[in-house]
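Below are structures written as structure tokens.
Both of the next two complexes hold chain A, though its partner changes from chain B to chain C.
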Partner chain A sequence: MTFRPEKTWRLLAILLAFAMVAAACGNGDDDTATTSAGGDAGGGDAQPFAGEVVNVFGAFVDADADAFADTVAPFEAATGIDVVYEGSGDFETQIGIRINGGNAPDIAMFPQPGLWANFIDDMIDFNDLGVDMDQARADLSDYLVELPGQVAADTGNARDGVFGGWFRLNTKSWLWIPVPEFADAGYTVPETWDDLLALQDQILADGNTPWCLGIESAGATGWVLTDWMEDIVLRTAGPDVYDDWVSNGIPFNDPEIAKAAQFLGDVMFPEGNVLGGTDGILATPFGDQNTPMFDDTPACYLAKQAGFITGFFPDGTFGPGVDNQTEAIPFPSIDGSGDVMLGGGDLFGVFSDAGAVAETVKFLVSPEGGEGFAQAQAGYLSPNSRFDTSNYVDPFQKQQGELLAGALGAGGFRFDASDLMPAAVGAGTFWTGMVEYVQGGPDSLDDVLQSIQDSWPSS
Partner chain B sequence: MSVAYEIGMGEEARPKTLMERILDRWLVKLIVVIIAVLWLVPTAGLLVSSFRPADAITTSGWWTVFDKLADSRTWTIENYRQVMNADGMGNAFLNSLAVTIPATVIPITIAAFAAYAFAWMDFRGRQVLFVVVVGLMVVPLQMALIPLLKIYTGGANAFGIPIIPDLDLSGTYMGVWLAHTGFGLPLAIYLLRNYIGSLPASMMESASIDGASHFQTFIRLVVPISVPAIASFAIFQFLWVWNDFLVALVFLGGTPDVSVVTIKLAELVGSRGQDWQVLTAGAFVTMILPLTVFFGLQRFFVRGLTAGSVKG
Partner chain C sequence: MSGEAPVLPDSEEAAADSTDGEGDNATNLRDWLTIGPIRFFAAVGIPAIGFMVLFWVFRFLRDSDANRILIVVVAIFVGVVGIFGLYWGMDRVNDQLPARIAQRVRPWIFVGPAVAILSLYLVWPAVQTIWLSFLDKDGEEFIGLDNYTFALTDDKMLTAFRNSVIWLILGTALAVGLGLTVASLVDRLKPRAEKIAKSIIFIPMAISFVGASVVWGFMYTFRAAGRPQIGLLNAIWTWFGNSPIFWLSKEPWNNILLIIVLVWLQTGFSMVILSAAIKGVPDDILEAGRIDGGSELQLFWRVVIPTIKSTLVVVTTTMIILILKVFDIVWVMTSGEFGTDVIATNMIRQAFRFFDDGKGAAIAVVLLIVVIPVMVLNVRRFREEEAMR
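What follows is the complex of A and B.
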């Protein structure tokens, strides 16, 4: 076969020309975007920051990213600032590359406070941005305002000032039950841990399986059970002991923590108590955990998972305009524990002191900062006590919002402990330890807790 | 190659037994078929899954569809609808092309020149330079991300003297083209040098006697007969850049106006991975172009790979 050089060259030339056109089109889009932004901005003198761009980088993507665009739209219209959000599922590695590479975003939203603390030296103090911290403290609760500083201190990154703001929270202390089958079977919603254990026995006695529990999450397998532990510790030992536990003020093998693990064992280990037994716990992806509950005859009657699990439910089982087949009930109280709620949230740091950035930060911490987000995404919960709850459009969102506000007001809200602990533990041995506990059974508990404690970084 | 070679030798030595003839004809084919099937089964499963509803994927394996092929509940195009209708998917395709084509053409052009120089031009330190270039292949590109980004955003200074000016390349197409060029060059130069170096020396000599300069020899002679090697590397580079997620995310970013297909796809899965079923359809949507390129250039592909290795 002979090659025809002219032909090949022509092909290459066409390809190259095509690419240049594509690139030009891309740039063309940029141009129109800027001009239209400029056009809007030119509208009036009321926009003090017309045409300025604020870059926000975060971990949430897709529908959440659209919701963020909704939430800043009124702010953009009022100020002329163009808030450009970029989300990446790879946020944890990307943010390090960008900051170290000198390409930090103006504002970054960290899902893990521990990660946030790593970059505290590059951040701008909220006081220097002109944020009213007294108001913020009143709005957010002492715990939330002080938590970032505490995390920074615990991770050896202590720095004077305020460097973290809260944008949104989520809640984790929820059990899920099938409706109407749960009530039809004669079961009542457990108010206390004793109720829960009694209910377990009742379900077992009826020949049914009480729990659906699945923790498989690839490299992060184990976090589902760390959430369980946290919810139980928060109730059996109380928020103060919980804080000590997070900072390793009490060791991991403290009797209080061991007690919580035994409570968890009372759910996981009894014969027939969990669908699929301990093998099922380890092999079922956390997102599929609740699915058997939607069978015509529910394969289980109880499951525990954070509020975001609704995103994993099969279509047509839960949500607006649907005949709900499941319902969330609060995690039962233990030994009279009060208003407590386990949760997580997005903590943002600021890397630029430009006027437009300061203005954006003030908007994000204001009660209005999350309104558009709340309306667009039922997963959004505001950390701000002055937030107008009529923006919660979904019943479950309202339910979460009420319990969250109650717990924040009573000082009983606690952030996910594994996200606050040093990564070696919180995203390492605590996860693997829980997996070993499932595999090893009740007798392995002492060894597991001891080995987690041994892995705590000495600093 | 070696299998075929040994069998060929045996044929000349003595007549073959029936068994050997069966082995000749079928064993190799059988092994090829088995390997092909092993490789294709997961892909076929993915294809089947991409047409199944999300609930069905979670509750049963893709092979169970063969029991209920005609059932309308078994099949859906919802996943494809979700991918194709996603905001900015068309734009992402254009962005991917705008990144991929120059990021394929530029390194090949440079590599072809360099390969010719390494193979046929005499200059001091040629071998050392070549070894350094080849040695660069072992450096993981991840190591270069942060330093390169620093240069893009702030230039580089040595002892207060600017060596590389601050070109503000971060977030531009030029920035990502350069990055891909740098990451692709060592392998490109190595492959092309091997091919161009194996061309007969007599050919170069006669070109030189006829009065051709190095440049003329390269353009008129070497490039036309190196097309198989160039095309086969073009496919490699094209597929690598098209499927690349990391380099694009670091140097171009994920904002909607510049995000490429891979980044768009990763976003579709949702903040907590709840919509992972769209990945099945997304994989096939993004595969269309690479497959077209591969089948379009495949006659070069096989030739190019073998041409360099078995010559002489």
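What follows is the complex of A and C.
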């Protein structure tokens, strides 16, 4: 076999083509490196960070994501930074994949501090970003200042420095009643737990169903009842016992916790007390829970759910410019419990120390950081004590803001316990345990609490 | 002239040898030394170049500010045409080589990259998963067999094993049994009617597991007594004067409700494969059986079943593997609540909800170990079937 000349040329030509492709690959790396390096050097005085992009990743989507764009708009105009928000309903899974895959966003907003603590080793210390930490601490209540570090320590992720900033809070301790039917039926707003139990009996005696309660939430089914438990523990046992419970300083089968679960049982288990009975509790999606209350004759007169539930109400039942068919009342106090409020919030961590990112962080922790959000979305409540409350444009938002401010000032605000506990409990056995409690009835309580305690990670 | 039996593993090699007509060892060694590196390049070099091109294009497109749709079009073009061009180009390079060498290298150009990529994406992650399963939740410290102790003793895992047995027995029996029944019954219809019947039963195959689970979730759904029942099952149930029941929460029967979804989805699959096998049963054997006075039922059990036995085994083992890995149906309909957990739901929960990489990996390995024997059986049967053709 011999090589013919023209064949050899063709072979060379094709090999050359491959070589050029390979060379192009090499160039690709160089190009990207220079673009990002060049960006830092450029820029004028008016917009010191013109053209720079800061990526923010969070769990809120749709209208909330639009509200975030509103809130950073003035900041973008002033600095030239392009803050790009990306929201995912699957945030809890995606964030781990992105960080572990070396593709971390610049800033990530975690709805669960426990999840935030998992990634603390990858985060940048706020002290290194030039944030005025004394001012930032003064703007927050002591509980909010200390909570992130406490969670990190409790989950075995303790690290020196400040790695979490609060962006927004929400409130959970609300009952919902139908208006005007509630008052028309002669019912009065319950101030205490005893009032509530008496009201239940009164509603039952009238042949009506007291409660709408639905906990179905796909893979997260159970959290509605953990919220109930938290609200009750916060009132029956107080904030200090609540903190011990969160860190497993007292076990899950402690009498204080069992007592709270029995209080919850007094709502769930009496015959006819909940629409659809225990099957109804398990089967009804949490977002549909309140809907029967809007029937012409309300199918139930009480429902408990966080402030954000208004987003799930049928159109034209609640909100600005609407003849409200329902109203929020504070969760009743128990045994004289004071200013307490259960809530949640977004804690953000920072994964880049670029100047534009530092600037964005400073803006987000400032009193102005949430103004646009508050105006656009009634669900936004600021953690910042200097926040201008005239930005709360919605009446229910004002109502929440007042109670939240009161509880924060009195040291009675507590973060959702299940979001602070180790994920195996807070997003696992606590949820499933509550489902088993509903299925098993009052007698199953001891076993349920014991099995939750047994599942607490040893480390 | 080589008088060896024609059982050489590489048929291509055999062909090449026979055309050349030379078989001494020195030539073989020289060939191996020259062709070996070329083969290696063909098998590993092509994917490497392909990856570099794709990676570069990916970087370029990711950082580009152009119109999204344009980017997608370019990406598809580069992905499809680029890879096609790569293979074509390599083939052309190969053509320039002496014919004898080119002939031996060519299969490596086309099959080699697939094997190399499979090893990278299948074997390596498997090895890493096994390694992870011996480490703690952060994948940092070695903790021996603790994760396996968990995987084999945890309450939810025991529930999962129990459910897997229920799934395997009922799911396989129903999907294969119904498929076989339908396949043999429609075989007796007129061609047109057979086509229609088979199409209808096959259609669910086109629906995703998640989609089917959502649909069936509505079938079983619950509304409080006195409110309109939108779920078919409760609508019928309450029509007889009963109060509605949240069926999916009733252990262990809820497992059967989930299995029905799988059967609905997969009966079409076993029907199509088995139907083809039944059509392959020689008519003269059936005729002979009829002449000998066998009833149709006897013919089915004594002629049809033995003839399609190997197909039946392949369909059954495929179904078993599918069922062992079942995840979507449970996750969408109950999330593993109410005692419906299966192995895969536990795995996902540990790895991605609780961020316990060690336990998640250990459960994955347990699943792998359970599937392997069935897989081996499946492949072996499949080979037998191929050999018979």
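Please note the rule applied: the second predicted complex is superposed on the first by the 415 of 459 C-alpha atoms of A that agree within 3 Å, B and C clash if a C-alpha of one lies under 4 Å from a C-alpha of the other, contacts with A are read in each partner's own complex, and residues count from 1 in each chain.
Criterion: a residue touches a chain if its C-beta (ideal position, glycine included) is under 8 Å from a C-beta of that chain, and two chains touch if they have at least 3 such contacts.
This structure is a prediction, so every number in the text was calculated from the model and none was measured.
K.L.:
Counting only touches as set out at the top, which of chain B and chain C does A:S88 meet: first, second, both, neither?
P.N.:
Touch status of A:S88: first partner only.
K.L.:
For A:V435, using the defined touch cut-off, is the partner it touches chain B, chain C, both, or neither? Pick first, second, both or neither.
P.N.:
A:V435: touches chain C, not chain B.
K.L.:
Scan A:A205 for contacts with chain B and chain C and give back first, second, both or neither.
P.N.:
After superposition on chain A, A:A205 lies in contact with neither partner.
K.L.:
Please indicate which partner A:T221 is in contact with in the superposed arrangement: first for chain B, second for chain C, both, or neither.
P.N.:
In the superposed model, A:T221 contacts chain C only, not chain B.
K.L.:
Indicate the residue numbers of chain A shared between its chain B interface and its chain C interface, in ascending order.
P.N.:
1, 3, 8, 15, 18, 22, 25, 29
K.L.:
What part of chain A is in contact with chain B in the complex they form?
P.N.:
Spelled out, the residues of chain A in touch with chain B are 1, 3, 5, 8, 12, 15-16, 18-20, 22-23, 25-27, 29-30, 33, 59-66, 84, 86-90, 94, 97-98, 100-103, 287-288, 291, 308, 311-312, 314-315.
K.L.:
Under the definition above, what is the set of chain C residues touching chain A in their complex?
P.N.:
Residues in contact with chain A: 49, 52-53, 55-56, 59-60, 63, 89, 92-93, 96, 98-100, 137, 155, 221-227, 244-246, 248-249, 331-332, 335, 337-338, 349, 352-356.
K.L.:
Would you tell me which residues of chain A are touching chain C in their complex?
P.N.:
So the residues of chain A touching chain C come out as 1, 3, 7-8, 10-11, 14-15, 17-18, 21-22, 24-25, 28-29, 32, 35, 92-93, 96, 118, 218-221, 275-277, 279-280, 282-284, 292, 299, 422-424, 427-428, 432, 435, 439, 451, 457.
K.L.:
Quick one: which bits of chain B touch chain A in the complex? Just the residue numbers, please.
P.N.:
53-55, 58-59, 87, 91, 94-95, 97-98, 100-102, 105, 145-150, 152-154, 170, 173, 223-225, 227-228, 245-246, 249-250, 253-255, 257-258, 263, 266-275, 299
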